[in-house]
Every structure is written in structure tokens, then in C-alpha cells.
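Alright, structures below, take your time with them.
The two complexes that follow have chain A in common; it is paired with chain B in the first and with chain C in the second.
After this line comes the complex of A and B, so read on.
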């Protein structure tokens, strides 16, 4: 069973979507480690190391995601899990920006997949399957 | 009617407490120097003579049980993977089992770290790492490292269950002294203490006390049953929760300032106590113990100096007109020094004791971190919120002999709203030195133990 670490990054306490993601991933046979709301990059990374996770799925709903996610890939490399899949989704930037540009910026930061606002978790499942080689 | 005798074999003193179950009280206490270097029974017999003298007769005891912290106590090494997770979990399990954690190692261990295990004369290693089904590479690597180095002391495996078979093979391959218990952190941030703690106790009683020359006392008495700090922890737990119709005191803190260490115990629910906080990090236990190996009145007096900033030292020197650095160094060089009826020295002892309490509580207690969120100001809380603590109990020589123990104990408090120290507790003193003894009695008769505790811990 593949392990996925999920949580809401930064000073963000949106808890509902996080619960839905938790539920749906479990339903589809993944072992979910949920670090919860108000989580730092280190909380995600530490949990991924101990649980031997294949993926970290970061949620951000309050617009500050770009600040909160900076340097996360570098920290993963430093912590010895540089190859881990990094996903991010939600309202990850301030205001209504062109999503293609936003996506480009997050890909440059080292994220493997970036999901637009209002993407249901079910729509991510095929990508997760593909990226985890299932 | 039953009469029990408890023996606390400390590094300096062997302390006896005799209890009568019908009177529901202590009938006599005595103490003598611990003689573990020659024969531990000599000191015990001397103390027993004194006890008989004060009783005026030789009585027969229905049960004689003992706890021990002599010959360095129980020295452990905690090994894990991530410092904030399995390393911290392993460390807490060791502390909760009454051990001193002299070495804490994380990630892949290296040769010099393994050397340190030998140099520091560690008694037991607790090897953790990985949640169940999580990382197994690191524990396997570490077990191999220990094996290659010819480590022969007991190693308790408390890591990822999926790696157990590999570890078993490694233990066999190198002929290691290995044991298996449940994972100390089966899921992220879940702490699992009991299984590992029981195994530590079992090994302590089977091997360690024998190696330290304490086992011979079992020819004279029924049994050594606990390391002393675990006995104190059990007494505190009982006093906090109560037993049957005998109510407990609720949430309490207990502190013990010794010559080499300052021990801090908190009995309180780890759940959040206010609406505006989010709990972070590894789960906290109800009964939590921390030990500060660098804070103490004699052996660790120089550690106290290092824990203070230059500014703090200057402030103390000026306020009390003393040379704190000189006083601390003197105590470190003369660990046997006692100061009788000297007002100035008593003041200095009180100041040093106060520093130990202040620093030990700061390290023990939970802290808040301010977060400005879209919902306004909220807080991340790591560690335990002790603001609502009702009682702070003091034990140990410094407090028992202090002219004004409240002055030392009240250093648990603090005004920083981000540090969750006790705000307005009452203070109790263990002036008859019975906490460890009642921890032992609680193994036979918990109701008797709590009644005596409530009778003898005096509010000051």
C-alpha cells in the first residue's frame, strides 16, 4: 500500500477540504498520513521520512501558498527524500491570476503536479496512479 | 494488618520507610549511606538497625520491596530516525521508564556515535525508527552498525514492525542481546509507551541491577521492583488520579532537585485547554517526566552556570551581593559539601535551586507560537499546557532542608503568555521523603499509598 502525506500548509486553517481528501484517498486504497492544518514544510517532510511515503500532497486555500511552498523541494533533497512526488492544489496564489503562469512557477519550484482552484480530489486520482506507477 | 518496609537505594543514601496498613500511616523512617561499592546490604542493615531503634523493637515485615537509582541509575541510549518524531518518542519512553537518557541519536548512526555508547557505559539501547509500514532502511542500517561494533548490552527493538524480521536476523548474525517490543511511534505523532516501558523495567530488574551489584540485596528482602524515578512517577500518577473512593488531587507537577539532575514530572491531560490553539507535534503522555542532566546542586553545578546568560548571572550577583560563578564552581569541586545553619549559604542554595526549577520547567512545559491567520490571531501549541495545574510538589534534599522552600518552588511560575507554565499553583512539600516509597506501596496496596500521600504531603 502506497503512503501519501497530506495537510494544509502555513497559517491556513481550512480543515474541511483536507478531511475530504483524506477520506477519498483512503477509499481508493492509499495509506494516508494527515498532518492537519497549520502545518510547516518540516511537518510534511518529517512525516514522509518516517512513514516512507511516496508522495506529499500540499493543500493551500488562503492565497499565501506561494510563500509557504518556496524551498520545499530543496528541503526534501536535503532530508534524503529528493525523489518524492510533490503535489499542490487549492487557491494557491493571491487573487485571480492566469493559472498557466501560476502552474509554471510552482513547477519551477519543484512540484510535480499543480492543480487549479476547484479541482475535486477525484480528478487527481488518475495522475496519482500514473505517478506512483500503479 | 500488614506491615511493609520500602527501601530506596539512592546514589548517596539508602532510605527506609516502614508502613502499617491498619494505622494507615508511616510508623518509622531511617537512612544510612549507600554501600554499593562494597556490599549494598551493609548500608541497608545499618539503616534497618536505626529503624528498629526508633521503633523500640524488632518487628517482622510482611513484605520488603525496594527501588534503586544507585550506581548511576539506569543509563539509556535512545535511537530513532527524525529528531522530532521517533527520536523524541524513544527518548520519552526511556524517561517514562525512569531512565537517564545519556545519549540521543538520530538518522544513520556513525562509528564515533557507537563508540560513545561504549564510553558512556550505557546500560540499555532503545532502537526505534519508522512508523509501522514506514521507513525500515534506517533501523536496519543502525542495527547492523551496532552489530558490527560488537555491542553486547541489551538492545530493545521498538521500531517499524515491518523491519522486525530483518532486525531479528541481524541480532542473530552478530549474537546480540536483542529484545522486541511494539513500535514506540506506530503512526505519525502517536506515542506508544507501555510495551517498551515494561521491557525496560524487566531488563533493569533481570540484568542491570545485577551488573551494578544491587541484586545481592534480594537475599535479604523480597524484591527490587522499580527504578526510583519510575516509582516516583507512579506515586504522582496515583496522587493525581485517586483510587476508588479516595479522590486524587487532580492535575499536579512534581519536581526533584538532586545533586546531578533535576527531574520534572507533570500529571495532566495533554489535550488543548483553550479554543484558540492547534496542537502540534508528537502526542504528549498524561504522566510525563523530563530529566535535566545539566541542572543540579553539586555534580551539575557547572551546568547551571552554562544554562545562564551573562546578563542573568550579573543580575543575580548584583541583587544578592554574591559571586554566583565562584559558588557554583565550588559546589562542583566539593560535591559532598553540606552547609549547616549558615544563612548566606542557605540563601545561595535557594538561589541555585530556584535556577534549576526555572530552567527545568521552561524545558518541560508547552509553548505557543503566534500565527496571524485569516481567522485572526491563533496559536500553535507544542507540549503540555500546565497553566491550570493545582499543586506543585517538591521533593529531594535541597527542598526538604531549605529554610523557605516556597522561594524555590515558585520559580515554576512565569509571566510569558507564550510559555504555558503553572499560573497560580499551591505548593506541597514531601518533607518525610516518601514519594518513591509510596510508589512502591502502590504496587501492593494503592488505597493505602494514596491515603498516606495525602496525609504526609504538607501545604506550605
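After this line comes the complex of A and C, so read on.
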């Protein structure tokens, strides 16, 4: 069973989607380690190391994701899990911006996939499957 | 200091105040001297005093007043934003505070200000008022012509409260429950009640010195299918805790659920019950008003559809007779709006409150039944709280959450039991499908079970978590109830 670390990054306390993602991933046979809301990059990375996770799925709903996600890939490399799959989704920047530009910004930061606002977790499942080689 | 629902002495208050003001350099501003702050607040005209404008609206009700949310990182941009929203017709203005400040992470707020200056756009989701300090806050007030309120989600808002009030902002949103459980994961309720006793005592101090300031418990909580009676019980508790510390002007809130009868019943029950409890517990001379929050859950991405939802929310708030309404914007589904989109939300809302200024929701048996149901549930929860607190409301609140007698759906805090699950009934009213340890009696539980069973039967599906998830998503897809049978 593959392990996915999920959580809400930074000073963000949006809890509802996090609980739904937890539920849906479990329903689809993944081992979910949920670091919950208000989680730092270190919280995600430590959980991934401890659980030998294949993927970290970062949620951000409050707009400050751009500040919170900077340097996360580098931190993963430093921690010895540089190859881990990194996803980010939600309302990850302040306000309505061109999503292609937003996506590019986060890809440059080292995220493997960047999901647009209002993407339900069910729509991510095929990508998760593909990227985990299932 | 042991937690009790008892007014802090000035000695207790000033002892803690010294510590609070030393937590960030802007706490050293000499304008935080309370004599100076009182003098400054007295110089603010009545038309810009939040409490006085609400009192006037209650006594000479014309229509529901409209207030947006808004806040950006930099002072001049923030002022430009508020001036734009005032021009669009906002009756009250906010300053939504950024999320780092809400967690008392002021050094990250400083970093956010710097990065925003470099980027030429706000990277923070609100106005970092502590970083901008008393002078910055006063500059905001002096640049607008309507009352100003801090809106946030800060478990420990003590320094923020000091700075905004000395800065001339005459209302503060929040409370020891409503700004903890939905906004934090590891702050104890005992601590957050003490933090908010401090904020309330500060307002009480100003009241004693001739300055009236409004306080507003945050009604919607997690904004996600919160059953009215739970939201109302929390609002009443926070109103009572505030009144004990000397607060006189209180606005209790409620987030739209979506069934019109239930929403109207909730607003009326909220107003009546809060006044009754304040009266019964001996707090005389409080001015209680209500605030209705437009739909707080997921919004449709389509901007015209979003404006439709905003308009519907405005109809309900107006007919329910809410004193004030917090509006959403057509950008809600992607987060923080531009000032233009925010202005559109205000205009769409305000015209409806004007069109409906002479109408109220008609009395009916259905409305009377729903009011009776809500009141019965609230009384049941309040009795539990006083019971486990052996008469002390603050102690009772801590114990009631500890035991799950009070429980807020989807709250991230580990101090919330998180055992209850809500779902909609066949008419879209929010009911409860899993009670956990919630302090309802068997009669009330049976009512909820029957209502949800009726809906599940109509849908031909099982009662369970999936029902709740579908209801959470439903409004953003254009339906109130998350049925599986819709064709579009």
C-alpha cells in the first residue's frame, strides 16, 4: 500500500477539504498520513520520512501558498527525499490570476503537479496512479 | 489565573497588559497609553463609530447594512482598496487581517510586507495591523468615512485588539470559541477564553471611560453545514462572556445555511435568545444586533452564478431582518477578490437590501415550528454547559467541549471532539446525522434522525459520510442538496 502525506501548509486553517481528501484517498486504497492544517514544510517532510511516503500532497486555500511553498523541493533534497512526488492544489495564490502563469511558478519551485482552484480530489486520482507507477 | 467567568479587576488587566504590549515592538508606541487612546477615540465622529451606527440601525431600522471583507499587505494599497469599497456603497468597512498575524507570527508578516513591496502585489491575504502599528491603523481610519472593524481569526488577539482600538477601529470580531476552534489546531479553549476575556476587558475599559466599542462573535464557525443551534449557542456564550467583562454593544452572527425558513428562524432566534440570556444573567443595557453572513461554503466558479448566490443570500438576510450582512464576491471560488469584484459583490447585495427595506418574511406555522425547534435545541445545549460548569459559564464551556457536549463540525482543533456529522434534510435544512456526544436529548435526536432518514429515502441511498460530502460540494455545483439524481 502506497503512502501519501497530506496537509494544509503555512498559517492556513482550512480543514474541510483536508478531511475530504483524507477520506477519499483512504477509500481508494492509499495509506494516508494527515499532518492536518497549519503545517510547516518540515511537518510534511518529517511525516514523509517517518512513513516512507511516495508522495506529498500540499493544500493551500488562503492565498499565501506562494510564500509558504518556496524552497520546499530543496528542503526535500536536503532531507534525503529529493525524488518524492510533490503535488500542490487549492487557491494557492492571492486572488484570481492566470492559472498557466501560476502553474509555471510552482513547477519552477519543484512541484510535479499543480492543480487549479476547485479541482475535486477525485480528478487527481488518475495522476496519482500514473505518477506512483500503479 | 484560574479560569472563571468573572470580570477582571483593573489590577489583573494591567498586569497582563504589560506582557502583551512587550510581544512586538509596535506595542511600545506611546499612543497605546490608554488616556491618549481614549482621547483619540473620542475625537472620532459618531458617524464613524461602529457601535453607535449599529445602535442607530437597530433603533431606526431601514434596511440591512452591508459590509465587505478586504485587506492587503501594504498601507497605501489597503487604504485605496477601502476607499474603493466605500465608493461602491459599503455601510461598514473591514480590515481583514492576514493569516500570519492571526497566528501571532509577526516576523513573517514583516517578511510578507517586504516581499509584497518587491513583487508589486500583495502576497499576504490581509492587512498586518500589528506590523503597521497604531499610526498605520489611524491613517486607515482617517482616510475613510464609515466605521471600521478588524476581521480575522486570531486565537490570541490581545496585541491586535490593543493596536486597532488605540488606532481608532471601533469594532473587533472574534471570541474565545469562534476564533479558536475553526482557526487553530492546538490552542486550548481555556487559553483562548482568557485571551478573549482580555480583549473584552479592554473594550469594557473603554466603555467605562466613555468610548463605546462593538464586539462581534464570529457566527459561521467553520462555515460548513453548521447546524443553527450549535452556532447560536456559541454566539450566546461569547456574548455572555463579553458582557461580563463590560462589553455593551454586541453583534451576534449566523452563516447562511440555505433553506430560507430555517435561516429566517435562526436569525430571529439568535436575536431573541441572546437578549433573553443577557437579561436573565443580569447584564442590563446591552445593545444586541445581528449579522448575517452570505453563504460561507464553496461557491460556483462562474461569476454570474456567484452573483446569483450573493443575491439570494441578500434576500434572506433582508427578510430575516438582520442588522448587518457580510457580503461575498464573484471571485469567491478562487479566493481573494480584486477591488472591482469586491465592489460588484457590495452593489449586488446592497440593491437587494434597499429593494426589500419595507418587507419582512411572513409569519407561518412552518416558521414558528422551526423557531421553536432551534430554541429548544439551544436551551438544551446551554443547560449542558451550565450544568458541567457547575454554574460557571467559562468552566462549563471548556468542559462541554472536552466532553463533546458542544461539538463543531469540521473544526481543525484537537480541543474539539469532531464527532458530529451534519447533512441536509429533504428541504435542505441542515440537520445532524451523527451526534457523537452532543448534548441533545433523545427527543431532539429523534427529530433529526427522522428528517435525515426522509431525505435519504427520497434519494434512495444510505445515511453516511458520503451524504455529508455531497452536501458540502452541492452549492458550488448549483444545488442546495447533494442529491445523486440531478440531471444538470
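In the analysis below, the second predicted complex is superposed on the first by the 134 of 134 C-alpha atoms of A that agree within 3 Å, B and C clash if a C-alpha of one lies under 4 Å from a C-alpha of the other, contacts with A are read in each partner's own complex, and residues count from 1 in each chain.
We adopt the following convention: contacts are C-beta pairs under 8 Å (C-beta built on N, C-alpha and C of every residue); 3 or more make two chains touch, one makes a residue touch a chain.
Just so we're clear, the structure is a prediction, and the values are computed from it rather than from any experiment.
Partners chain B and chain C clash in the overlay (superposition on chain A). Contacts of A:98 after superposition: neither chain B nor chain C is touched.
Look at A:23: by the touch rule set out above, it reaches chain C but stays clear of chain B. Look at A:118: by the touch rule set out above, it reaches chain C but stays clear of chain B. Touch criterion met: A:67 reaches chain C, while chain B stays clear of it. Look at A:13: by the touch rule set out above, it reaches both chain B and chain C. Comparing chain B with chain C, the partner in contact with more residues of chain A is C. Listed for chain C are the stretches 150-158, 312-320 or 420-428, of which 150-158 clashes with chain B, judged after superposition on chain A.
Once both structures are placed on chain A, chain A residues 11-13, 36-38, 62 are touched by chain B and, in the other complex, by chain C. By the touch rule above, chain B contacts chain A in their complex via residues 81-82, 84-86, 129-131, 133-136, 185, 187-189, 278, 280, 371-375, 378, 380.
Listed in rising order, the residues of chain C touching chain A in the complex are 98-100, 102-103, 105, 108, 111-112, 115, 121-125, 153, 182-185, 222, 224, 298, 301, 331, 333-338, 341, 410-412, 465, 469, 472-473, 476.
Chain A contributes residues 10-13, 15-16, 18-20, 23, 36-38, 61-64, 66-67, 91, 93-96, 117-118, 120 to its touches with chain C in the complex. Of all residues in chain A, those touching chain B in their complex are 1, 3, 11-13, 31, 33, 35-38, 42-43, 46-47, 49-53, 62.
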